[in-house]
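Paired with chain B in one complex and with chain C in the other, chain A is shared by the two complexes that follow.
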Partner chain A sequence: MKKKTGNRFLGLTLSGLMVLGLTACGNSAGGDNGTADQPAKEETAAQGTETSSDEKIVLDVINYHVGTDYAAEYYAYLFEAFQQTEEGKNVEFHFEEIPTTDAFNQKIKLLISSGDLPDIVFNGGNNITELAAKSGKVADLTPYFDADPDWEALFDETSLEFNMVDGKIYGVPVSKEISYIYYNKDLFAQAGIEAPEVAYADWNAFFEACDKLKAAGITPLGMDTADSGWLTNLWMSALIGTNGEAGNQWMNSMYPTEFNTPEVVAAAETVQRMFQEYTTADAVGGKYDPMATHFFNGEVAMFPNGPWMIPDFSETEKAPEGFYDKVGIMLMPGKGMEMVPTPGDMVGASEEEKIKAAVDFLKFETKPENQIKALEMTGLQPVSNGLEIPETLIESDPLMAQVLEIQDQAEVTYGQNQAYWYQNTIDTFSTELPELAYGNITPEEFCNKLSESAKKNQE
Partner chain B sequence: MKIKNKGLWITLFTAPCMLLFALVYAAPIVTVAYTSLCNYTTFSSPEFAGLKNFVTIFGDEGFLVSIKNTLLWVVLQSTFHVTLGLAMALVLRRKPKGWKIVRTAYMIPNIVPTAATGVMFTLLLNPSFGVVRPLWEKLGMDMGQVPNLFGNSRYAFWTVTLTWILYSGFNTIIFLAEMGAVDQEIYEAARVDGAKPWQVDRYITLPLMKNIFGTCVTLASVAMVSQFDIIYMTTKGGPGSSTLNLPIYLYKAATLENNYGKANAVGVVQIVIGISLVLLIQRLFMTKAGEEDGR
Partner chain C sequence: MKKTPQGVIYAAKVAKYLFLIFFTLIAVGPILWAGISSFKTYAEINSSALSWPSSFRLDNYRAAFQYAPIARYFLNSVIIVGISVLVTVVLVAMCAYIISRFRFTLKTLIVLLISASLMLPAQAISQPLFAIFQKLHIFDTKAGLIIVYSAMGIPMSFFVMVSYYKTISTALEESAYIDGASFLQTFLCIILPLAKPGLVTIALLQFINTWNEFYFALMLTSGDSARTVPIALNYYMGTFANNYSALFAAVVMTVLPTILLFVILQKQVVESLTAGAVKG
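Coming up: the complex of A and B.
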């Protein structure tokens, strides 16, 4: 009996070992997934950065502007050019490359909790600034701004406030994010529609144009739901942000927890209709890239996005030759435009010498000439107001010049969910959109789910 | 042959594994168990909060759905998937023409990285340019209603399931190895007695597979309790919560809500479910087999 009990105990222990081992393996794989899915290229020998023997300051950087990223070339230039400056001549960078913002954000979050942040922390959005600041793992940059009024003067109050946590500046904004509608001139002509010079007067006029496109056998809109449902987010933000003062105020608020407002419900209703009547069959469950391909291939007439997409129009690996000339730009109906300051890059270094070197790099990154360079090379809009745009840009990139011109005509500006919502709410938005699209839930239920999700952050 | 001090030998042989487990897993598991009882987020260090996290998760509909989906996948995997592996092994055991090619081909899906499998199925079943569209057209169906297999919660669970449930190559290999170990004299005796092939399978091979079937069921079940990658690659637990399981729920609690205490409470539930399954399966298979052996 005793022996039997002993055997049972041994059997039980071994079973426990087996399942714990296997589940632990599973968890570990899962936990790593955000980064392990992406082939991270380790170039740095060790995480702990020390100044090397020739007194070079070594800064660790995790860079997601790599590979086919729209800004890869610009950032390659930036790092190299910084090392040619007086401030950067003694600085060496150790890079870890992580393609895609999504994978980068996951990695940074893990590093925030483990305390192993790189010395320069690029900001991929998703509330990273707040997470990093509240964890105490990034440097307070307020004294550096205070000590350099010329640098501080490059940024407007909104941009700096956007990067403040508890009254301290933690992020250096490098650009402004704007978005509007790209349209295919050929498809508009095919449907006999004349595109408005700036924007449709209201959403009714916009949907009339959609109906005409549809009648001509053209799919009017590009939409998606997967990842964060970026395109649909831009439509929905516009629907809310242009819906009167209440809607605009709501769409400009940080971390909303109440989504059952008339404006949000109305927007959800319209989005449901857009999925059911005006977009491609693969929009539900679809990711951004295949949807962009639909636009490049002339399969959808209108596509919401920002200026960073412009270089893709003349990239023959992505779009057919001559596509650039077929694209027009308009603001959202009611002259609306999404405009948010970008979450700024941060400093994760803890040693004074490294903090200073990292700040020097961020100063270099935000120099007016580099902001213009970024505009030219990537389409990133300058964070500083009133920078002189070179005449050559009008000739070399007329679409970009048009973007700069049209944004001044926006009468209503608002934020978008990736900048302003809690991250789990963005995820709920993405996973519940298909349910909304197929009518499995009502717009009210959709909004309730968003509210429930947002409130989890306050538990 | 009777072995003296059997218990001692078992203890000695298992000691390295136990020691390794204690060093590598025990500390994290204790931490997980403790922090599941704490308020613990990215912003804060663990602070004891009793059963708060468990009350929160069991009050969340999404968590209950994730348990339901996890258990449904466990049942499907430990029945259909393992049986399919066994059926393939029974066929291949007879070494029909081309059996080696089939055996190798059937293993291929098991060695393709899950991320690649996920991407492949996402593209293959895309309602705009995947294989579903031409098939739909060929069947003369309404082209405005091409099924969106991953995108519509009506089909998503079963579509995700189909990305793995048919590929039982590992089980086939395990069963084939066990079948190869069966004394050939038993089969010869059966043939002499005039047993037909199906009778050999039914009355000799299958009963002898009971123990290894139990092992395969255990492995399949535990794998389903921790299944993550292909679901994350294809649907991320959506649409709605139609493909949400425990690991995805845990991952979201940790990375999107930044609530480590809650995530670890989910981890504890996951471990409890895993251990319970192993014990249950042992009871179903191993004990009976032991009884039959007269032990």
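Coming up: the complex of A and C.
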């Protein structure tokens, strides 16, 4: 009995010590608020959202750029730098951190319906602009654009239109999303292929190169199906978007409901062939990270993605040393490139003073210098056209500079499913891809399933 | 009686151990895998799920603390889950006893209401809860989450306990009353000790459900003071930048104390589960 009690006591002490250890380590690293590298995270300016006693304007922000998010460091810089400006010196931020965009989108939808939006509303990938605007809980920013023509001139018409609801601007676009193909120069050389300067003339030339790679024992393409099938989505969008005027128009339309068009069926047929002949065995059921590792490890020759992947090429945790120099960039066959405007950040404040402070922050966020800074730190593409790229970037990050250069040579641009399709259709795409890949369903049946799913949104 | 051949006994023994090893592996495998993965690099994790780490370095554990307020969220979890388990067990133990033993006017209505709350999806009640909690000033507090978790745990635990009380013979209570015990004495000294296995079961169920709960922990909090471990784990899953190495390290750190505690108290748990057996 004594022994039993002794063991129990020893065990409980051990557990207690582990918990204490965990706490002690946590405090030393991150303090009460945890994340050590998140400045200004402290619940600044006392509590709540009112103007504090020393006349500071307190802005509530829900920030999902935290933890391991690719832009966490950049946004930490941005908030701090804004407070050093004339417009921001009297502003303090009251942060709520929500890691991951999925969690952020869940919460922001609840806050839209309850009317408790933060003063600055980031747009977390899912396009919530229309939902927020129709709820009447976000500010109409048109007067602020009208009053500042220099600011308005930073954005092209498409980007602003993408953020309009009923003719009023509600979102400030902060970047553009683009994607193209990364290729491994060494593997191309090994297969005796010379990569095109800009892009393969057409898909036939592209698949000829794939056959040569395959003949040299190299897996040509990176693909996936899980987590919305991001990589496969980029291939499929390119196949549709570069298939003549009809395909391009289709791939540029929002919320399509009819997928049984010749271009989409042809693309599905090609995707099926790509799964069966040109990709890794684990692509079916695979998700982005292991597929990216295949590319980093030189196991696949071509990988579709956007510029946010570039910092990973030189991160030795992920890719072997020197990998950055092995990577080349080309557009999709037919000089195609995915390019979609992004849903912009909004203002949820209702008091005039706060709206103005929030707009000042959004102006700061979209200043040309900060667009370049975002490009350098995160790979986010500037929303403004024709920004002057600093010489330092060309020297420090030649791939990123090449991205900026090559995108001007795109002759065909189109959207991609995660930006333009209904959410349930994106899910169907991901769940039905394995069936298509294994040949359990025909490309026509695959397209029918997408149509059925999309049409549910109109019932 | 014919003697069983030695070979058959030996084969049965081997089969028994193989069976036990198989289920032990199923139970322990994921934990071991997470433990091993917590020492691997991003590239090692993504290259092969079953490979051995190139070295046992602690960088991932350092990174786990760097990215997320894991320690604070862990302590919040311990407090919130601990109290909600206690509240659920105490309330359900009393409520289920009354429902299982007595007849009264509103009994059917009460049971119906409790059953109905089982059907409510979290998403349907999140907005009203959000508004009520703000009005009551319990938004973003541990007390708020304890109330929600206890309330969510009550219906399922209630039905488990009602069924359990029904297995206890009423003759025991009648004997106690004949011997002069009061209602409270009968409940506390006769029924509750016999109901220990049921109570341990609902405590475990409640613990598992609330320890892993994510949705309300996200919706009903806005700062670090009441957020729990599932949210901390999301910090390692950023857009285009998952840090699985740090994630596994965080999982190991948050799961290990709980497992250790369970291993230590295992005897008590098993004893509680079998304590209800009425000896003939």
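In this text, the second predicted complex is superposed on the first by the 411 of 459 C-alpha atoms of A that agree within 3 Å, B and C clash if a C-alpha of one lies under 4 Å from a C-alpha of the other, contacts with A are read in each partner's own complex, and residues count from 1 in each chain.
By our rule, a contact is a pair of C-beta atoms (placed from the backbone, for glycine too) under 8 Å apart; a residue touches a chain by one contact, two chains touch by 3 or more.
Keep in mind that this is a model prediction, so the values were computed, not measured.
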| item | value |
| --- | --- |
| Which superposed partner A:T442 touches (first chain B, second chain C, both, neither) | neither |
| Which superposed partner A:N260 touches (first chain B, second chain C, both, neither) | neither |
| Contacts of A:G286 with chain B and chain C, given as first, second, both or neither | first |
| Contacts of A:K456 with chain B and chain C, given as first, second, both or neither | first |
| Contacts of A:P434 with chain B and chain C, given as first, second, both or neither | first |
| Chain B versus chain C as contact partner of A:K134, first or second or both or neither | first |
| First (chain B), second (chain C), both or neither touched by A:Q106 | both |
| Doubly contacted chain A residues - partners chain C and chain B | 7, 11-12, 14-15, 18-19, 22-27, 29-30, 33-34, 37, 106, 113, 290 |
| List of chain A residues in touch with chain C within their complex | 4, 7-8, 11-12, 14-15, 18-19, 22-30, 32-37, 43, 66-72, 96, 98-101, 103, 106-107, 110, 113-114, 116, 125, 288-290, 292-293, 296-297, 308-309, 317-320 |
| Residues on chain B engaged by chain A in the complex (per definition of touch) | 7, 10-11, 14, 17-18, 21, 25, 28-29, 42-43, 56, 115, 126-129, 133, 146, 148, 150-154, 218-219, 222-223, 225-229, 232-233, 235-241, 247, 250-252, 254-260, 267, 270-271, 274-275, 277-279, 282 |
| Chain A residues touching chain B - in the complex, by the definition given at the top | 3, 6-7, 10-27, 29-31, 33-34, 37, 106, 109, 112-113, 131, 134-135, 225-226, 280-282, 284-286, 290, 294, 423-424, 427, 430-435, 438, 440-441, 456-457, 459 |
| Chain A contact footprint on chain C (complex, rising order) | 41-43, 46-47, 62, 65-75, 78, 126-127, 130-131, 134, 214-215, 218-219, 222-224, 231-232, 234-246, 253-254, 256-257, 260-261, 263-265, 267 |
